[in-house]
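Both complexes shown next keep chain A, but they swap its partner, so chain B is in the first and chain C is in the second.
Right, the complex of A and B next:
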């Protein structure tokens, strides 16, 4: 028996390898560096790895290869754009994660135990969150570039497992946090099973696990269509779960609410980019020729997701849950870009992902600022009159909400406009009508929050706004500037995306 | 076409001044006005340099363009932010920055006692930048940005003394009436895009040949509405008189020399539209002729010196619009009259400001009289402007206005005779009301209020007046010598054959001078021989009464637009409350209701969530099954 050594093009894999290396060093730092130095070292290491990874990605942005890792990984324009978006979002999310107020002192301690109290008093900090973040980010980078079903599944688990853990690290309301982590894990495992099941059916259909093999089998025809259809359906369930599309969305409000807010920000923004990135590749390249079977169903899911996300968001009294439902609605908007199945849809979805991701991180960053003595205040009633107490927090939050609502002069408008016009071009008129309708419903509750913050009087309950730390402030300002810049002058980025976003097969 | 990278400085310099002064706040109080003046002057320097460069090139290569950035790229709608400096826009650039700088200098002294002088200069710079953008934009959309910018600057400057409610109301009136015109411009842009798919000047010019005449007529009429709003032409003229509430340098700069001429610019710039749409072109002529008479008649009855000058501006712009409506033969003369008018009218407004400065801000001419001896320089400069506007040879107006009268006569047929007579009579009335202004202000007996101590203004004020007076004397001769301006602008406008001459130029001049002489004589008989009443007499003819009320323009607006508008708004508000808001509230309540109901699914139990996923999975497979079957 002879073994051939795998041929790897390290240059194209290096954005991921750099992050994995950084994560492994981070684990060692946990073990060997003194407690006092750890936060600073970890933060520097994490930001440094992400930055280095991004620089490497920038260098190779024009490359194209189907054989970056023996056919398991593909690298092309969309890959570069999606990976770049994930890295940018991760970079500003890490700023938030560095704010120690949000994380438990000792993750392993039982809530309310003596052990936990002791850890709190001794000023311990959880710094494991940094390597976990890096592992998750590298999984996210792999997800949209995976080129066979096994790699796709590995990437899915690689990004999910650290997120399950991170969701349980909240400093306050630890029980709720741990509950959400467990829910996320159980439901994630459940949907992963569907995903694997679907992968098995697709293998049964095409006797291949590689994307190109499956596509050839679809194009060639003659296979057993039942296997193909069940395969597509189950694989889609796994992916739709990750993006929080109805009816696979139930985890997201609970997890968004329970998880520490910086983790929610990271999860909401970066996971969406990664999961939609993978969906784009799969539906645009692998399943494109089986379009007749899945577009009607996916359109139905998109419509239900948009409407349900927008409607239920109105009834929310908690700002994090409201943002969770808003993110469900946005998953629906993004699905209309996947359904479009044309070049314009691809460009628009990539632009939307970056614009939405950055506004999301910004919005959750503002949520971390509004506090009272027992931690973050997420009850919307207590956000009354925030505009008077903290113009900075209220104004920036209003800006992000306007971007979510798709008001002109914000990135959200350009995103919604281009994604809906792409869907319309492709003939998905029902989806566009539902999209515009639910945008109108969504605008109702976004603007209600703005009215609440600026035009109602505050209740005297001691809700205060923390003077933002320099890192949190940086996150908010960067996100706000990008949100406005992409709304006012989006042409350069749109052109960049148009030039680069071409899938290779 | 030549490209350049320095055009943007024309706009950037004054814009930077506005930004510095507004953001710098009180810290810039001491030197802000000097900076603003300097920046305006440097912008003039850039313009002059561009002119010299242009002169060195052959006619085809004179236009200079600069692409700033890709502005809007949506689908097949592409607009770049770009600048275009050609033979037409350079005239405007030099007028705006030249007269603008002189008025900056004048304002240093005029506004020296105002605590908000810095803010005033910031707005002036903002205006200069916006006006330059208006004339330099290379597409209708870029022009539109400047168009709105000057509207804003004008609003801010008219209402500069907004502590007086009447002034704030005046600025609001100007703003609202301008909106009507702006709506015309936006419709014109929409028509251009819908029928030709482009909004750039070069693009529209290319497509104009093979676009339906109906579309071009529609676009032309909309452009005319826009021009009427900005240039105070019939029927959107009512705001100009009230705009005189602003400080006098503003009236000179914005409401005499530059902004109000934007309509003339728009029409000459859109020559390719109007040349292909004769109906719209005819409407332009009619609007010009009506406004010409309208303004002249109002001018005869105004006792407020600034309002008399404003009516005169309206009338003179009527001349320009009329000329522009005469097609290729008229464009160059419209621009020539615009330039000479820029000199003499700005000069006279500054003169009026100088008089007001010496007379405790009194504007009623019935309380002036005999100021000639006390303000000799003001009298001299104002007098030269007066001779220029009358069209007495060899002053500037003689060259520009006579050309317009001549062209009007040569328009051919009945149209030519009517237009010729209107312009001739207009010239006579102009002579009458301007002579009236001179007599009431500078000659006769003192009718001052007791606390008035008239004195000549400081040199910072009379120097700009003197320079403008030199322009009023010489500009007409210089611009028409060897047809200099006509030849300069010739490459831009379609070629035209020689028209038959109805009247020889010498006859036209003779007729015009006769009309002017009659006008002067009537004014002398009426005002110089009799004592001027201190208060406007009440027992006057019904025509005077109507003219005093601006020919009922406000009543007209109220009856035709305002009351029906108010009724319409009231109905709309009622409908909105009952139907639209009702629906919205209904949807909101329905949405909240269904939202609350749907929230029930979210019960927090992981087993329910898993069940939901399972149900969803089954539904998904079933749906695919249904679709495939």
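Right, the complex of A and C next:
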């Protein structure tokens, strides 16, 4: 028997391999580098790997229509764009993660124990968070380029498992943080079981685990439609959970609130890009010919998600929970781009993902700045008069909120406009009406926060705004500049996306 | 014996697991129910592999086992930290975040 070595095409896999290599070196750094040097070494290593990975991605962006690793991975225009977006978001999120104030000194210590106090005093830091971030990012890069069910499932777990752990590392309110990790983990594992069960039935339907094989089986017809429908339904549950669509959204407010804010920023932005990237590939290429079966259901989910996210956000008194419900509403807006199932919808969704992701990281970066003696202040009432105390924080936060609301001159407007026009073009009028309606509802509570910050008097309750560290300031400024730039002059990026975003099947 | 019987068993196991996740209160038991669901999916994969006459499904089952093992590591780590700080592994006690 002869053994044929698989052709891997390392060049196309290199953005992921660089990150995985960086993560493994990071694990070694934990073991061999002295405690004092570790934070600086880890930060340099992490940023370096992300940068190198991005440069490599830029070099291979033109190499389209290629599959790597024997067809398990497909690298095309949308893949390059989504991977680029994830890397940019990860890069500015790492700046936030580098702010040591947010992470516990010793994750294994009991909250409030002597052990923990000792670790705090000796200046211990959980530098493990950097390799965990890199592992998560490499999983996120793999998720939208996966081209068979095995790779898709492994990538899903690769991006989720580090995030479960990172959610439990908060320095303040340790119990709430651990609780959010538990909730995220149990619900995440629950949904991946559904995902896997769906994958099994798709395999049963098509007798193939590759996307092209499943697609051919759907196009060819003649298979057992019951298997196909169970497969689509269960696989969709897994994906919809990851993006936080109603009715699979229950985890997101709790996890967003409990997790350390830098982790929330990273998770909220990058996971969404990765999960919607995979959804785009699956619905646009694999399930496209079974459109009759999933479009109505997904439209319903999109409408409910948008409306419920916007309505419940009004009642929130906590900034992080409010942003969580706003992210649920945004998941609904993005779903309307998936339903559109046309080229315009694909372009618009990719643009929206980048714009929304960057604004999200920026908004959470501002949240890390507002503090009192016991840590971050997330109670909205105590944000009153922030504009007078810190014009920088209040102005940038207002900018990000306006971008979420989709006000012209911000990236959010271009994103919403293009995504709704694509959905309208495809005939999904109900979704567009619900989308515009919930945008209006959402604008109400965003504006309310802005009024609270600028036009109400501050109460003296010890809330202060931290002078941002250079890295946090850099995150906020970069995010703000990109948000405005994409709103004022989006044409170059839109054209770039339009030229590049073509799925190979 | 007709191979599709295994599919019924698998669906039954999956349902038992899903119901268990919803009704049981102990985090460890919830987690065991999730593992049961993953193994139900594995049984489906292997059965379909047999019905379809190719090996892809069995390869997938191996990958699932590896991933499930990783999940156990992460999951037990999280459950143990919760248990150490609360002296309880009940998912109902963890309710700080419900406002």
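Here, the second predicted complex is superposed on the first by the 500 of 505 C-alpha atoms of A that agree within 3 Å, B and C clash if a C-alpha of one lies under 4 Å from a C-alpha of the other, contacts with A are read in each partner's own complex, and residues count from 1 in each chain.
As a working rule, a residue touches a chain if its C-beta (ideal position, glycine included) is under 8 Å from a C-beta of that chain, and two chains touch if they have at least 3 such contacts.
Just so it is clear, the structure is predicted and the values come from calculations on it, not from any experiment.
> Taking the superposition as given, does A:417 touch the first partner, chain B, the second, chain C, both, or neither?
The answer is first: A:417 touches chain B but not chain C.
> After superposition on the shared chain, which partner residues are touched by A:280: those of chain B (first), chain C (second), both, or neither?
Neither chain B nor chain C is touched by A:280.
> Regarding the shared-chain residue A:297, is it in contact with chain B (first), chain C (second), both, or neither?
It touches chain B, and chain C stays clear.
> Which partner does A:186 reach: the first (chain B), the second (chain C), both, or neither?
After superposition on chain A, A:186 lies in contact with both partners, chain B and chain C.
> Determine, under the contact definition given at the top, whether A:60 touches first (chain B), second (chain C), both, or neither.
Neither chain B nor chain C is touched by A:60.
> Report for A:233: first if it touches chain B alone, second if chain C alone, otherwise both or neither.
A:233 sits against chain B, while chain C stays out of touch.
> Touching A:241, do we find chain B (first), chain C (second), both, or neither?
First partner only, chain B.
> Let me test your reading of the model: by the given contact rule, A:254 touches which partner, first (chain B), second (chain C), both or neither?
A:254: touches chain B and chain C.
> After lining up the shared chain so the two structures overlap, which partner does A:203 touch, if you call chain B first and chain C second: first, second, both or neither?
The second partner, chain C, only.
> Can you list the residues of chain A that meet both chain B and chain C?
182-183, 186, 190, 194, 253-254
> What does chain B use to touch chain A in their complex?
Chain B reaches chain A through residues 69-75, 587-588, 591-592, 594-596, 598-599, 601-602, 604, 606, 608-610, 612-613, 615-617, 619-621, 623-625, 627-628.
> Would you pull the chain C residues touching chain A in the complex into a rising list?
7, 10, 14, 17-18, 21, 27, 30-31, 34, 37-38, 40-42, 44-45, 47-49, 51-54, 56-57, 59-60, 63-64, 67, 70-71, 74-75, 77-79, 81-82, 84-86, 91, 94-99
> Can you tell me which positions in chain A touch chain B when the two form their complex?
182-183, 186-187, 190-191, 194, 225, 229-230, 232-234, 236-237, 241, 246-248, 250-251, 253-254, 292-294, 296-297, 300-301, 308, 310-315, 417-418, 421, 441, 444, 489, 491-492, 494-495
> Along chain A, where are the residues that touch chain C in the complex?
107-108, 110-111, 149-150, 153-154, 157, 161, 164-165, 168, 173-176, 178-183, 185-186, 189-190, 192-194, 196-197, 199-201, 203-204, 207-209, 253-254, 257-258, 317-318, 321
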